[in-house]
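Shared chain: chain A. Partners: chain B in the first complex, chain C in the second.
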Partner chain A sequence: MRRTLRILLAEYKIAVLATFQYRVQMGLELLGLLFEGVVYLVVWTTIARARGGEVSGYTVGEFAAYFIAWTFVRNITTGWSLSWMEERIRRGEFNALLTRPIHPYFTDMGRMLGHKTTSGITLIPTMLLMALAFPPEVTVVPWALVAVVPALALAFLLRYTALYVTALAGFWTTRIGPVFELWFLTEFFLSGRVAPLAVLPIWAQQLASALPFRWMFSFPLELLLGRLSPLQAGQGFLMQAVWLAVAALLMRAIWRSAVRQYGAVGG
Partner chain B sequence: MELAIEVKELSKTYRVSERSAGLVAALKGLVRRQKKDVRAVRSINFQVEPGEVVGFLGPNGAGKTTTLKMLSGLLYPTGGEARVLGHLPHKRENDYLRQITLVTGQRNQLVWDIPAIDSYELFKAVYDLEPQAFKRTMDEFVELLELQELIKKPVRNLSLGERMKVEIAGALMHRPRVLFLDEPTLGLDVTMQRRIRRFFTEYNQREGATVLLTSHYMADVVALCKRVIVIHHGRILFDGDLSALVQKFTTHKRLQVKPEDLTADLSSYGEVVAKDSGSVSLRVPREQVPRVTARLLAEVPIIDLSVEDPPIEDVIETVFAGGDDEADA
Partner chain C sequence: MHVLRVGWTYLRLSALNELQYRANLVVQFFTSILALANGVAGLALVFLHTESLQGWGPMELLVVVGVYTLIGGLIRAFIQPNMWRIMDGVQEGTLDYTLTKPADSQLLVSVTEFQLWKLVDVLLGTGVLVFAVLKLGGTIGVAQAGLFALVLLCGGLILYSLWLAVATASFWVVRIWSLFEMFESMYQAGRWPVGIYPEWLRLALTFIVPVAFAVTAPAEALTARLTPQTLVLALAVAAGSLTASRLFWKVGLRHYSGASA
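Take a look at the complex of A and B:
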């Protein structure tokens, strides 16, 4: 375990160093992330104003708070895209990783965390600018601010692991673009990405709670904004733990047979 | 002593999709996909002693790289078994991966955007290297491969040859006991090829490492390997000393003759294969060489005469041609 952590830290450092080489790319990625959040924010605050200042319990200021916090949570929970994994499998780029005495899952995690740190540096001032343009209404709940730290960590781990497991399909099918589309569309609506889950119909909210997507994104966001009771928070942690265990077990079960399918093309 | 590499009836079959050209064939492929089994490696057997350097030769598509990838744990064998240092490679145990390295001509272990020295630090963590041992190895490799300035530049700014040198140093930083070298000098100029060969030779002598090398450059094989395994169409055609390969597959020798009179017709002594301003090259059946040499010396005024084996490339070509005949049969 200590060895794995050491490698994770070394990969993390490498990612920080590599990302610093491309400041423009870093800025553009962040801009893309911000742009998405700002678009939703403008749309939902406009709808709220048109409906007398509120939609499904969210005021204009609460929408602002939601999408400003959204930017932060999204940066933390972003994982590798499935299309990137597909390229690696298709072009044999896994070769280098598979000949190392460490599971690529950890190697990639270290790189991912390093990437997040560098984008996080510019994220905070940008969020402050967003707050100036769209004044948020925030209810500070001290215990929730503490609880959100493990919730974010679990949300990251859950999304990262679930994406990794899904990407393993690429070892059999090579092309996993359609899988990515399906994932993206489901997550888009059921994770709280396009709108707070409270604005969805009841059946969609129930579906979101039964699937893992809410626990990867919306749950820490709702916690951060002080919208959950301690009981709901406890249930959320339980759901995160259950889905993470499911993803980890699937990873363990599928990995070995997935690698057996590997064609290792190229060098 | 335990064998370094032991391969028994090892096979690998790829199942690949195939279709004819054109849109109609593509549409047909949507409904019913044609699959074909490609037998890349067919029940091969060989053993390698610890410290041995073995050349693995064969034309493109012969099964060399597939074998190396099975031995390094990247590919799962379809049949048979391979053991390296007592491990089953396909299990990819950490203890096994720590003791081997796979170097390919297209190798890309180093992070592209940062100096190699940062990637080396990463390898230190990955292979759990003691700081002092790591520093000693790095200093040694930096000196041997003259990497002083190169390891401080981002990898993307290095030339192909420079990149290969820093890649090789990185691949050996954990001092592996078994080296799988797949075309390690591919695309490099002659000077760089020589330097890299010298480095592998020194590494093999210092560490007693086992080396399995594939290369299309016969100079690599001649410089590094005493023993060669020739593979073609997934089957082993020859396994033995390089000199024995030449003996077995050369039916002719070359006589380099420097006659006093260059206009002299030497075609009655053998097939004239080359003639330049100073000498004539004759191709003579191996068993006739003593007689022809004696005749030449007695009958033609000669300045110089030497008897040579044909170039190793020609020998290998003969072996492959034999393999083709076998496959066709």
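Take a look at the complex of A and C:
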């Protein structure tokens, strides 16, 4: 465990230093991320205005707050792009990774966290700009602001692990594109990415809460905006823990046979 | 004439090459359907709460989604693969082989690759357009269809010029992949008519990433909203950006010293 953590930390440092070399690139990536949020924000505030200032319990200012916080949570919860994972499997780069005594899940995580740190720093001024363009309306709930920290950490772990499991399908078929596109489409709507879950039809909201999607993105956002009661927050943590355990078990089970299945390129 | 023949030959070669990989068609079809489902579900969600978005009804916004899908397919089939190739070529030095050929260099780099299967999006987009227009109950006359085609062509040319300009920039800055990625994410704004965005954003979507001309204007032509001003502006910007990107390409070439030099 200690050794794993040390390696994770080393990968983290390398990633921080490496991404700082490409500041322009990082800035552009962030602009893209920011842009996505702005588009949804404009659509929903337009509707809210047309309906006299509110949709499903969200006012114009609350939509602004939701999508500004959205960019932050999105930065935290992005996992490795699956096309990159697919590429690594196809090109045989996993050969080298598999000979190392540490699971690539951990080394990749270290690098991921490194990326997030650098992009997180650049994100702060962009969020301020967004707040200037779209004035947010925030209700501060002190206990929820504390609870949001573990909620974010669990959301990251859950999404990261779930994506990793999906990517492992690449060991059987080197074309995982369609698999993950189906996953993303579902996640798009059920995780609170295109809109707060509250605007979805009831059946979709129930589905989002039963499946892991709400817990890997929307939950920390709802906490941050002070929309949850302590009881709901507790239930949320429970759901996060349950789904994380499921994802971790799946990961272990699939990993073993995946590695055996892996036809190394050039091997 | 010679130009057209060279272009046509390259297109045919790429098409034949792609035809070998039939399974890719199935994958592409699946991907395109999902992307379309995403757009339609987004619309359904919006119209769960409102009757119209800034004056655009459900079927009219479906026209926007149709144009968005159609133009996106054209970009991915014709423009994007070639522009990526230019950047790769600069980075790896393979562009030199193209530049030493006797035909016009801009023509050659623009037609080298053609991804046939991406045309699935063009088909789907057209299907959605036809469906939405029929549902709207309006009859599209020859004049209106012609206007739509004209504006669509302008939008396509403007996008091509923009991509070419970005690719040309790789003569100076080799690493500009993320610039492309940023443009792609900004292009997503085209799912909605640009009229809904605040002033500053609308300007950016008109002149920096010309979503306004590429997606909104053709959709306006089909839903009888196109003003003469927009039409004139689209024509002018298309002509202007085509010339400007051509000049920029020439300047870039003169600056470019090749990989081996």
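To be clear about the criterion, the second predicted complex is superposed on the first by the 265 of 267 C-alpha atoms of A that agree within 3 Å, B and C clash if a C-alpha of one lies under 4 Å from a C-alpha of the other, contacts with A are read in each partner's own complex, and residues count from 1 in each chain.
Just so it is clear, contacts are C-beta pairs under 8 Å (C-beta built on N, C-alpha and C of every residue); 3 or more make two chains touch, one makes a residue touch a chain.
Treat the numbers as computed from the prediction; the structure is a model and nothing was measured.
Overlay on chain A: chain B and chain C fit together in the combined arrangement. Of the two partner chains, neither chain B nor chain C is touched by A:P150. Look at A:L182: by the touch rule set out above, it reaches chain C but stays clear of chain B. In the superposition on chain A, A:I14 makes contact with chain B only, not with chain C.
Within the superposed three-chain model, A:R6 lies in touch with chain B and out of touch with chain C [touch as defined at top].
One geometric descriptor of the composite model is the angle centred on chain A: between the Cα centres of chain B and chain C it reads 80 degrees, in steps of 10. Of the two partners chain B and chain C, more residues of chain A are touched by C. By the document's definition of touching, of the two partners only chain C reaches A:V42; chain B does not.
Of the two partner chains placed by superposition, only chain B is touched by A:R260; chain C is not. When the two complexes are overlaid on their common chain A, residue A:Y22 makes contact with chain B and with chain C alike.
In the overlay built on the shared chain, the residue A:N95 is in contact with chain B alone; chain C does not reach it.
Think of it this way: put the two complexes on top of each other by chain A, and the tightest Cα contact between chain B and chain C is 5 Å. Counting contacts as defined above, chain A residues 22 meet chain B in one complex and chain C in the other.
Remark: chain B residues 14, 69, 72-76, 90, 92, 94-95, 97-98, 100-102, 104-109, 111-114, 118-119, 121-122, 124-128, 154, 182 touch chain A in the complex.
For chain C in complex with chain A, the residues that touch the partner chain are 27, 30-31, 34-35, 37-38, 41-42, 45-46, 48-50, 52-54, 175, 177-179, 181-182, 184-186, 188-189, 191-192, 196-198, 200-201. Listed in rising order, the residues of chain A touching chain B in the complex are 3, 6-7, 9-11, 13-14, 17-18, 21-22, 93, 95-96, 98-102, 259-260, 262-264, 266-267. Only residues 22, 24-26, 28-29, 31-33, 35-36, 38-39, 42-43, 46-47, 50-51, 55-56, 133, 175, 177-178, 181-182, 185, 188-189, 194-195, 199-201 of chain A touch chain C when the two sit together in their complex.
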